[in-house]
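Next come the structures, one after another.
What follows is a pair of complexes built around chain A, which joins chain B in one and chain C in the other.
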Partner chain A sequence: MIKTTPKSHLFRLAGVLVLFAVAFLLVKSWATPDSWNFEQWYRGDALIDIAAQPLTYGGNESCKDCHQAAIKKLRKFDHKALSCESCHGPVVDHVKGQKKIAKAIVDKSRWQCENCHDERINRPKGFPQFSQAGEIGKSIKKHKDLEAETPCLKCHDAHDPTP
Partner chain B sequence: MNPMNLPADSLVNYIFPNNAEVAWSIMIVIYPYITGLVAGAFVVSSMYHVFKVKEFKPIANFALIASFCFGLFAGLPLLVHLGQPQRAWEIYVTPHTTSAMSVFGYVYSGYLVLLMVEIWIIYRKYFIEMANKTGGLWKLVWTVLALGVTEYHPESEKYDRKFASFLAGLGIPWACILHGYVGFVFGSVKAVAWWATALQPFIFLSSAIVSGMAMLFLMYAFIMWRRRQDYDYVMVKKYAISLWIAFLLDYALEVLELVFVSYERGLHWALIKPLLSGPLWESYALGQMGFLSIAPILVLGVVSLLDVRGKALVYFTSLASLMLVLQVLVMRFNVVVGGQLISKSGRGFVDYEFEFFTKEGVLTAMIIFAMPFVAYYIISRFLPIFERKSLQLRPDE
Partner chain C sequence: MKMDNSKIKLQAASPPLDLKAMAEPNPNSDSRREFLRNVLSGATAATVLMVFGPGATAFSKGAKKSSKAQHQFAYVININNCIGCGNCVRACKRENNVPAAQFRTWVERYVTTKKGVYVESPDGALKGFEKANAEVRAAAKRSFTVPKMCNHCDDPPCVQVCPVGATFKTEEGFVLVDHGHCLGCAYCVQACPYGARFINKDIHKSDKCTWCYHRVKAGKLPACVTVCPNKARLFGDLNDPDSEVAQVFEEDQWMVLKPEMHTDPTCYYVGLPREVV
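After this line comes the complex of A and B, so read on.
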């Protein structure tokens, strides 16, 4: 048996702590990504990885080559800044390469409108808002007779929602 | 491409910003609460180990173990809150001073290590005793815990005592940083009017000490009652006075914060006044600042200043402790959830609804909150936390 002194346990404790600290530092350096940018504080390869991800949504820029006329018309309407793909589905389901592979969908469901138009405290007062608790028409009187499920698109045009 | 440089008629993909939900749930309420209990309980243990308040000797080890038990689970609510908890450890891998949260990882883990080492040094003698008394697998466990040193040198007691005092001394600023830091995380969020005050770290710290002390007392009263052991009335009296002073300080800071925002009459007050007199009227004005503060101040005041002794002393202090434990819990709720009720648009308040069975619901919070007590129970099966003999230290004896 190894002979111990009154300070042995303290040395051993120090040894254990140093061991843990070294192990931690080793794991840390192993786990730090190789491309870690210590100046800007991000993983350099993240940009390459993100760029390499398959495209799903192309943004409105991806629509304008084929749908110039529609987009030009749309610019006059209140909904000019909205994303086409919100209601028409991602561009990848519609176009592959430069070719149309399927018809773009037209999502007429009510929640699409409610994303922006249900009543929220953080929305400007003048912005048309409709509360969800079945009180349609709280903001605009003529909606009073409508039922909670009535699709907005029954009367409104999604591109030009002007009443 | 910088979107600001786009020509005016460019196509953007606009969607209206929503802030319909209170994103930081009840998990973020119990996270600072449990962290506070860690810091508070540790302070009690340091009163004996550092400041040599001899009345607190019987509960010094108990406070330390309780602090450790709370510490084990302080980070759990955060993990439950995260959508990708397996990535949480990345804050250790790439910490940065611009992220208060990443610094917390180190402060918190370092503190747990400190607690473990302090418990180890205090219980080392017991580990050795057990390693020499037991056989088989248990002997191995106790020997490993004693780091293979199974002989207790009488001279090492001096070193151990000094080392324990040093750790306890180091632990005080560390506990303050740990919890003051939690206040810093909230206080530095300038977007939330109800959080953004430089007083926040001090308020969090002082309320942490109060909640830790109060929780510890409830545990003490319960354990002594279960063990049919006599209460140490001298300690209880001193404890009640300390708790009273700690809470007076804490309450003063909380009032000060309110008075500051109110007196400045700035933009913040325009948002905070309707918050406090509206959605938070019951939990803040009536609960936190009203009944749950004034009642314990009065009860502890009576206990501290008048000659209350015997069982009445324990009953009154327990009652006040219970109210203080609730006061701090309600305070954490009012800060975390209350602050988020103010719409980011500044136009009014969003709603908050309690959820019970959801991932971050009240049930999960209750389970997490029960865990430190279970851990304490398990540890108490293996370590002698209180002295075995009955403590007969009545003031009138």
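After this line comes the complex of A and C, so read on.
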């Protein structure tokens, strides 16, 4: 039989608290990821996870290996600043590893041209765009006889759009 | 203000109160004076230290900028160059599998009139912008497009409110979300003054622009910067003096969104009209 004293309840309480503290520290050490960054307060391995996301767009440099001539030519044209993938689709749809898996898209729709060059009130000053009249650039003589749905690429080259 | 103990004794003696206690010299008098003196000198010393000493940089932006990281990435959006084509929005969606009707980046069109400022962003400018009708055209004084995204703040409110440490700022400047840790409580969505965060419909976790961390680590530019046809979006390392962003920084003509929020964005705008919020 344990002898009870007027202070024994305090010892019991202290014992319970110590138990709780030990349990808390155990759970905490189990729940804290090994790579936890205590300075910035995040899971260090999260950076590896996020960096592991596969790339979709390769940029124009990814086209160089196979389409060197086309890219070289493009450098002289007004559309040199454009990303190939804006019109031709992202590189992952076209190449896997070093092999071509599908034909690259060639978006020849009028929308693709109009999206940048049709007149909009928000365009910066000096940006080449069709006249304010609305229908295809009536300011330009050659456009006058065209129907509204005539594809721009019927006459213009998408890479070298100079009229 | 100075009182010596003899005076206290005299005053205490006159009223017929607890004479025994009052007759003693006030034991607190000395220590109170000492206490006040300590407080005053402590406050003075602290103030001097804050202004001239090591504490001087503790609250300034400079302290964070001097981090030891090799890179200090920054983003520049040039309003003067943006044509509102929405290439960036489409590329971001595809690159990061952002669900429909949710956006990590979007473009807003501002139209200023005599009556006020009108802002629109139809489907985040995924398909660019429509032609303005005659009414709008007649009323418009000025119009421009503003790309928006996560500002990757130096002092991000979203990171402050996250209860589980699932969102954080790396030393290189990225504000990221750890999807393995996020609960989807959306505190951060509410905390962001720029509306840049959302709860991803597919994974039910907080999502936002990462400056394409995975691309930058692979030596590429973010997808939006890659496809921008008119150099309205620039990304680079401020530690590299030759980078385009460092040059913009050098010219010192940039602005940030909502500077009054003291979030210190590292997404810098060039040519930002005052109407933009």
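Convention: the second predicted complex is superposed on the first by the 101 of 163 C-alpha atoms of A that agree within 3 Å, B and C clash if a C-alpha of one lies under 4 Å from a C-alpha of the other, contacts with A are read in each partner's own complex, and residues count from 1 in each chain.
Just so we're on the same page, a contact is a pair of C-beta atoms (placed from the backbone, for glycine too) under 8 Å apart; a residue touches a chain by one contact, two chains touch by 3 or more.
This is a predicted model, so every value here is computed, not measured.
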item	value
Partner chain(s) touched by A:28 [first = chain B, second = chain C, both, neither]	first
Partner chain in contact with A:162 - chain B first, chain C second, else both or neither	neither
Which of chain B and chain C A:40 touches, first, second, both or neither	second
Partner chain in contact with A:12 - chain B first, chain C second, else both or neither	first
Partner chain(s) touched by A:49 [first = chain B, second = chain C, both, neither]	second
Partner chain in contact with A:64 - chain B first, chain C second, else both or neither	first
Touched partner set for A:98, first chain B, second chain C, both or neither	neither
Partner chain in contact with A:90 - chain B first, chain C second, else both or neither	second
Set of chain A residues, in rising order, touched by both chain B and chain C	41, 59, 81-83, 85-86, 115-116, 120-123
Complex interface listing, chain A residues touching chain C	37, 40-43, 45-47, 49-59, 81-83, 85-86, 90, 115-116, 118-124, 127, 134
Chain B partner contacts - residues on chain A that touch it in the complex	2, 4-10, 12-13, 16-17, 28, 31-32, 36, 41, 59-61, 64, 71, 75, 81-83, 85-86, 115-116, 120-123
Sites on chain C touched by chain A in the complex	80-87, 91, 94-96, 109-111, 127-129, 131-132, 136-137, 140, 143-145, 165-171, 176, 178-181, 210, 213-215, 217-218, 220-221, 223, 226-231
Residues of chain B defined as touching chain A within the complex	9, 11-20, 90, 92-94, 96, 98, 113, 117, 120-121, 124, 146-149, 151, 153, 155-156, 159, 163, 343-345, 347-350
